[in-house]
Amino acid sequence: MILITGASSGLGAALAQLYSAEGNPLVLTARNEQRLSSVADNLPGQVQAAPVDLTVPEKVAELFDSLAQVPETVIHCAGSGYFGPIEEQEPSEINKLIENNVTSSVFLLRELVARYREHKVNVVVVMSTAAQLAKAGESTYCAAKWAVRGLVESVRLELKGSPMKLIAVYPGGMATDFWKTSGKALDTSSFMTAKEAAKMLKQALVGTEHGFVSDITINRN
Amino acid sequence: MILITGASSGLGAALAQLYSAEGNPLVLTARNEQRLSSVADNLPGQVQAAPVDLTVPEKVAELFDSLAQVPETVIHCAGSGYFGPIEEQEPSEINKLIENNVTSSVFLLRELVARYREHKVNVVVVMSTAAQLAKAGESTYCAAKWAVRGLVESVRLELKGSPMKLIAVYPGGMATDFWKTSGKALDTSSFMTAKEAAKMLKQALVGTEHGFVSDITINRN
Amino acid sequence: MILITGASSGLGAALAQLYSAEGNPLVLTARNEQRLSSVADNLPGQVQAAPVDLTVPEKVAELFDSLAQVPETVIHCAGSGYFGPIEEQEPSEINKLIENNVTSSVFLLRELVARYREHKVNVVVVMSTAAQLAKAGESTYCAAKWAVRGLVESVRLELKGSPMKLIAVYPGGMATDFWKTSGKALDTSSFMTAKEAAKMLKQALVGTEHGFVSDITINRN
Amino acid sequence: MILITGASSGLGAALAQLYSAEGNPLVLTARNEQRLSSVADNLPGQVQAAPVDLTVPEKVAELFDSLAQVPETVIHCAGSGYFGPIEEQEPSEINKLIENNVTSSVFLLRELVARYREHKVNVVVVMSTAAQLAKAGESTYCAAKWAVRGLVESVRLELKGSPMKLIAVYPGGMATDFWKTSGKALDTSSFMTAKEAAKMLKQALVGTEHGFVSDITINRN
């Protein structure tokens, strides 16, 4: 079973489509129940839609309590964007951005490690190239993404010797609703689509007996 | 005038002492009014103690409204620690850690840039070597410190050409109450004291006509 | 056509096998003519073996003069290892290590950019996880690999807007002769084989219309 | 005694002046005997000029054989620059650049660790901001400087627990002859002078009983 967070749109939804088409049982989560259902209802295979707000630790625990089995793979796509010069950013949006990206990732990894550190679970954490390189006009977003990267690198050290693996994914800009909802007007016509990124990511995630791709950066041409 | 956040203990208090001894007017902030007063009351020079919770944006604005002049230097030492394997960390402490380190830094820089980007203000952001290197047992702390680093690097790009400068400081472990209050039992007898770190930092911050030290890592021997 | 450097052993030879099995025309290079022939002669498809010492710029130019067409993909696997505490390293081996890894990479990229920067060529530069993280006992090796990484990152900036793409690959330790020939005694029985790494790399290199995997780290479990 | 490499010009010469003015005995090295003498002859205190080509390991050994005592501090400023788009760089200049920056640093550190790892010696390695960030038009230079950084970080790990310390210095562009001799036409009138950088560096290098500044980036305003 594959668990995908942030599955109601963008890369998460595209991954759900690809994995579902191949017959993988899925558990999909997102905050917005309606949008999540509309994605889940259109997938062919065995799909469980589990609306959950990852910034509420009890809800994260409930999500995992509800699972019938240990997931083979968890793909954490949930997150949001918010941009602009720092002096023009709104405090309420700053708080939301930090919660949606940082807090949620800490709570998710905390629960995964607590439950499954002795299981062979691949935990794929999707960040952004903004986690690798600072950008003007993206200060709090970079802060949030650098935080997740620091988290991943630290938890990797704690998981040394464990069968659980953390896989870090850094996609560059995709042509998704992300930009619209995060208030950044961009012409994304030459960007890769979420479907393209999902295809590349899925390919890259196929490991071998003794090895795996641990870090992937995906960029547009 | 020099503004120091987190001035009620540790490096912030030690810097206040050094700068005060040289006759610099100071504005000191911290959340704990009592501890802040006990530091400020023992300093020789002109010292204003301004208790403020930097995680509340209106309070950050009020702080700067209350200043009689533009500070020459702002030294942001405020922050807190919290450690342990990720699966043992408490959600409430995780939230507090992120707010005390990430949210507060975003709100502070946001206010500083909004008000002073056309002034010659040196903004010194004190992080930790945990902002540079992931460590086991410090996952959320690393996340928080990496966030501040990403923030600083991004805002630097936004300040290109501005007289305001960001200076990044990464101190290694000091022998302060930090460890006690953050729940990590350590023998710190061979660690540098906050006073030592303050002395080195103060020396390094003395710029020249055309140049300045932009990044400093301070380690114990 | 796919050009592979360092194709006489390890990852280079394993990639040659995989691509050849799928009917891709190949040009293979290595310094050792005999070992290169023994790899090339055992491949099914259209294979040109071109012995070349990449540390000699004229030889690099001759290699490209000899090509019948622009390669679609160049996979630069050539390189060597040398390990030990810095004070025990031999000057002659240090020189060789730097030439084999740094000088050769500069000369190769220089020639590729000079000839093909307006062509759609994917240049895959295989480094090592030692290019990302310093390691004790690997000082000159890390130096050499960090150099190649700095080179790749700089040339990427020079190629902005060009159809030529640089792809950075960082494999962790593989079970190959590399260790034996570089004087490091290791039990590599649980390491991934070069064939496994080649398989993962080949999968990850399959791009889409608007995007590509630009950076890949491959680790053993 | 303080040993300074690359002391015949730029930052090395400026540091020699500052330390000499305070009465520190100095050993100065550079490749060019005449220019080295002209610097040394104009310094007030006790100064030994030792022409040496650091790319020749026997010469590096001879240098240290000739010292009357263990140096307290070694400041490694030697290095050279060479710039331009990668496809326009000359192979002979590429070789020289790598030797002057990478090979020389490996040979110097190797000798220092072999002789003094049990002594309290501060080894200051002066690189460039090009060691931290890739730049277009500086590909081989970045490669060389990233190499030195990788070397320093690795040797630091090998020196864990040793009284010998490595201090990494990253200066941004200074107004020196460096640019002229490396073929890059720049208006450096607003750059910091070597004297300014030397002053800041000297200040920052003053350690305390339990701590020291391990990494310093110096930038122009």
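A, B, C and D label the chains in the order they appear, each numbered from 1.
As a convention for this text, contacts are C-beta pairs under 8 Å (C-beta built on N, C-alpha and C of every residue); 3 or more make two chains touch, one makes a residue touch a chain.
All figures in this text were calculated on a predicted structure; none of them were measured in a lab.
A.B. asks: Among the chains, which is located farthest from chain A on the basis of C-alpha centroids?
C.D. replies: Checked the centroid distances; the maximum from chain A is D.
A.B. asks: How far is the middle of chain A from the middle of chain B, if each middle is the mean of its Cα atoms, in Å?
C.D. replies: Whole-Å distance between the two chain centres: 31.
A.B. asks: If you average the Cα atoms of chain A and of chain D to get two centres, how far apart are those centres in Å?
C.D. replies: It comes to 45 Å between the two C-alpha centres.
A.B. asks: Residues touching two or more other chains, restricted to chain D: which are they?
C.D. replies: Residues: none.
A.B. asks: Which chain pairs here would you call touching?
C.D. replies: Touch list across chains, by label: A-B, A-C, B-D, C-D.
A.B. asks: Note which residues of chain A are touching chain B in the complex, please.
C.D. replies: That would be residues 57, 85-87, 89, 91, 94-95, 98, 102-103, 105-107, 109-110, 113-114, 117, 131, 134-140, 142-151, 153-158, 160 of chain A.
A.B. asks: In the complex formed with chain D, which residues of chain B make contact?
C.D. replies: 163, 165, 170, 172, 175, 190-193, 196-197, 199-200, 203-204, 206-221
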